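Structures follow.
Same chain, two partners: subunit A is paired with subunit B first, then with subunit C.
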Partner chain A sequence: MNTHIIGYHTTRFGELWEKSLFDLVEESIIGVLKDAKCDIKEIDAIFFGNMLGGVLENNLHAGAKIADIFGLTIPIFRTEAACASGGIALHLAHEYIKNQPGKTVLVVGAEKMTDVQPEIITQGLMSAASGEEQESGLTFPGLYALMARVYMKQFRYERKHLATVAVKNHAHGILNPTAHFRRAITIEQALKSSIVADPLGLLDCSPVSDGAAALIITSDDARSKKSKSISILSSQTATDSISLLQRKSLIELKATQIAAKKAYIEAQITPDRINIAEVHDCFTIAELFAMEDLGFWKKGEAGKRASQFETLLENKGPLIVNTSGGLKASGHPVGATGIKQVGELYLQLTGQADKRQISNARYGLAHNVGGSGGTAVVTIVGV
Partner chain B sequence: MISPVKVWRRQKTIRDLLGKKGTILSWTKIFTPPPQFKHIAPYMIAYVKLENKRTVCAQIVDVQDIDEITFGTKVVITLRKLRESVAEDVIPYTIACKKYE
Partner chain C sequence: MKTGIQSYGFYIPQYRIRIADIAHAWGKNAKEIEASLGVVEKAVATAAEDSLTMSYESSSMAMIKNKTKIEALFFGTESPVYAVNPSSTILGELLNIGNHYLAYDTQFACKAATGAIISGLALVESDQIESALIVASDKATGKPHDALEYTAASGSVSVVVGKKNPILEVEGWSSYSSDTPDFWRREGLKYPSHGGRFTGKPSYFKHINGSVQTVLKKTNLNPKDFTYAVFHMPNGKFPIQIATQLGFSQKQIEKSLIVSQLGNSYTASALMGLVATLEYVNPRERILFASYGSGAGSDAFVFRATKEIEKKRQPFAKKMNEKKYVDYSTYLKYMRII
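Let's turn to the complex of A and B:
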């Protein structure tokens, strides 16, 4: 018995000052029910991914808040795994319905980040790092900068190699109506942008965004035939130390490697069969790590191959990456990202990706990471 | 408010690290600080592998330019007041690292 995705809706990602966190949640739930032609009465449970509700606005007990908005009494669960909150919500929702016929579940991820000053967001996001890392004054750009420096030295890359990731993802973002940024950038602009955490500049970093995205998944075969649907072939997750200090290697994310291996085995496919992927480019260096850790490219190759724009839509290669614009251009409302990634794959595999559509989309992979690699979720979907 | 009990709990760990020598594994310079470090930004932070094989992260102090640091730069762990307190708050001291020859 398969599990299917039967609907997807995302809000715009960006600075959405008129919308509160739960305005965004409400909008995405209403939108996905409409997309799947589902009545809320058909939903057996809701999973909600969100990181900063408690940290930034003293806003918890999300289950009851969602029940309040829609007049529900069904089980509603919140999940948190830093930037993998959305991916973990989907993973748990999938665990909830797989091997249980006739269940339909809604998964929503949301984040409200632009109400506060940048320093407060910087500090809030560091709740995903270890106490020692917080105490030293590190920030997330700083953590990834530490990793980038080692990678660049070991494989002889420069900032311009990393910049190509941002250039590609912005080129995709222009084609995505819900992306936070819809304008092209050049490598020169990326290199000239102010340093945030040496060697990472402003355009190496994904932005602070508001947004929400929702999916409906079902184990009800008959129900799945009534909508445009795709199958979830595997959903796997792994953890690693929260702190970079404990890691053996600063140039790879073990959690990604383990989750990916398990996902390929469960889906019974190899990395070369994936046509379309959404990977976790919280920083440009993170997309390079992802391409290697997910088994698409060999260790150390990513800087070179990214610089050749192999995964740019326009180049029509065998694997296109981050047609949504990635975290960099489509934005990174933390809890929503993991859901948006799978939603983008759903649009691609059901032929609804409009100007971003690839041809022959058959197998898609989504990769969502928490913190500096403490959690990774890999989801493989197919038609 | 800086919690006195949290500062007190950290003291033993900090004491054990003081004076330990190590080498730099990687480093960065932070330009977008969290609020409690705004007053000293931009600042440099290193990952340091200590002689006892433990890895710590610490701000690099007494260094003017990021170019003075490279892979394997020798540093020693020292005590610094890196955070501002207000009114009757505890003043938290923490570890930092500085070059030594």
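Let's turn to the complex of A and C:
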């Protein structure tokens, strides 16, 4: 049984120093209730995606904190799967109501990252990596750089092929009023940016951001007709080894491939029917992997096809990718990202994406990854 | 006659380190760092110098032209030589100003001394004392490989405030303060911490904007009434940006922008910009001056030069250009990091 998304709201993403984690949660929940013209009393449960509240702020038991803000007694669950925390929250919300007609739940993802120093946030994010990777001093830029090196060597690509992903996503970010970065960058600027972990430069990396995003989903068909709505045709998740050491291949994410395969089967569509996708570009190399692992492009083709800007909005191709700006330009408040991705599809499929609106989109796909590929969530929506 | 600054002195250590040398030590792109901070070199105190020795140098210069009785001595620093034991009394002893003076040390990041100037002015205006010596001195250091390492520098400025023949009259002042923890050093720790970009918009820019807008309103003046403006200089970019935001021109601030050559000497930084400007100011010209201290606050002053400036002017540019360079390892030794 399908469930329906009937509302979406996101805060601005960026350095929001004047707002706490739960200020952001509150703002996004109030926003989504207003968007869906829904009263909080109509909500049967809340799913909250958040990774770092416990690590950085000693801030857990989030369910009761959200209950406290709104005076609630309904079930509230917190999900954590690193950068896929939001995607997992949506997946569980969908599972929770899909066989229970007449239920309406709220899914919110939030992260507060910019109040701490870079070394603290880097260490906090590395809690999502294996013990060996942590002990060896690796960081996520380092892990993705290792994968990028293998990919570039095998398919004879250069840094400029990676940079095209950042250039495209920044071009989209300009059109998104809630994006962290709203400025164009060039390939030359990307290539000249400071090296973070060779071959990844600063402009190959998504930023550390604050932000929250929320969706309301319902299994009540009558309720869905009262609002602009889209259907969740499938939400699937898969896992893989946490450590790169255990992987058979460093040029693909198996969790993405498995989740995508299951999602296409459940939604009964093929990749070529997807018109719009929000994929997990935590680093430029990650978008190249995503395009291949989700079945849009063949293995090894992504560097070449990305360089032709096939998925850039203004090129009006059959598949447009990351109109929100992706993680790179829209920002990456990790718990919010998976919700924002599906929210962007909601805006596009309901004709509310304003300057970045694509035409005649029928199917959308969101792809959210935790860590270096230990978790992946693939969600397919349609109208 | 209005109350104001009667005389001043400054001390710039003779050694410099090039920002490029620090960048090379850490494998960083020197050109990128110089461009992003607007600083090419910074002043380095030797291992034999500290905030107290430098304060003696700047105060001695200020006292040469002073004929009044110092009845208050305030010492602003964030690198005191003792955690407990006042620098103000040691300096008072070294300057031989007797024992009948009010002494205390002040702490408020980079604006520790400008708050003390306001206290000194108040004591003078209320005829409690004849004059006060206020010192701003720092041997500032950043943790190796931290962004602060490229700018934290050494220097000292002293001013005597009183009513007798001031060189700068104070036409008005205003303070703007809030609990904004953008930069701090906890008890027992050697190096400060900071909030990266948080030190900008909600901190430096918000507070200076608050103090300057208020003082302009209080004095019924606007930017074009000033010949010069001086803003605290944590780097070479912030003072240019705040000047633009407030409606001051590049020409009005250019004489004060010594941070590119001297770095940020913390409590002495803004005042160093002021004394650099005093080399050029003419009688009756106005200077807008605003400090900034993390934590956070800003003190803004409207100064107006008198004809006394001609008698008490100190050559600044010449002193600034008397310099020798040290390499990174010597710098670490001088700063007692190794």
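What we mean here is this: the second predicted complex is superposed on the first by the 382 of 383 C-alpha atoms of A that agree within 3 Å, B and C clash if a C-alpha of one lies under 4 Å from a C-alpha of the other, contacts with A are read in each partner's own complex, and residues count from 1 in each chain.
The rule we apply is simple: a contact is a pair of C-beta atoms (placed from the backbone, for glycine too) under 8 Å apart; a residue touches a chain by one contact, two chains touch by 3 or more.
The structure displayed is predicted, hence computed values, not measured ones.
Looking at the shared chain after the overlay, A:Glu158 reaches neither subunit B nor subunit C.
Contact with subunit C, but none with subunit B, is seen for A:Glu15 once the two complexes are overlaid on the shared chain.
Put simply, more of the residues of subunit A are touched by B, taking subunit B and subunit C as the two choices. Look at A:Ser194: by the touch rule set out above, it reaches both subunit B and subunit C.
In the superposed model, A:Leu245 makes contact with subunit B only, not with subunit C. Legend: residue contacts after superposition of the two complexes on their common chain; A:Pro118 is shown touching both subunit B and subunit C. Touched by subunit B in one complex and by subunit C in the other are residues 118, 194 of subunit A. Residues of subunit A that touch subunit B in their complex: 118-120, 122-123, 126, 132-139, 141-142, 145-147, 149-150, 153, 194-199, 244-246, 250.
If you check the complex, the residues on subunit C that touch subunit A are 29, 32, 193-198, 202.
Every residue of subunit B that touches subunit A in the complex is listed here, in rising order: 10, 25-38, 43, 45, 47, 55-59, 66, 71, 82, 94-95.
The part of subunit A that touches subunit C in the complex is made up of residues 15, 17-18, 114-115, 117-118, 194.
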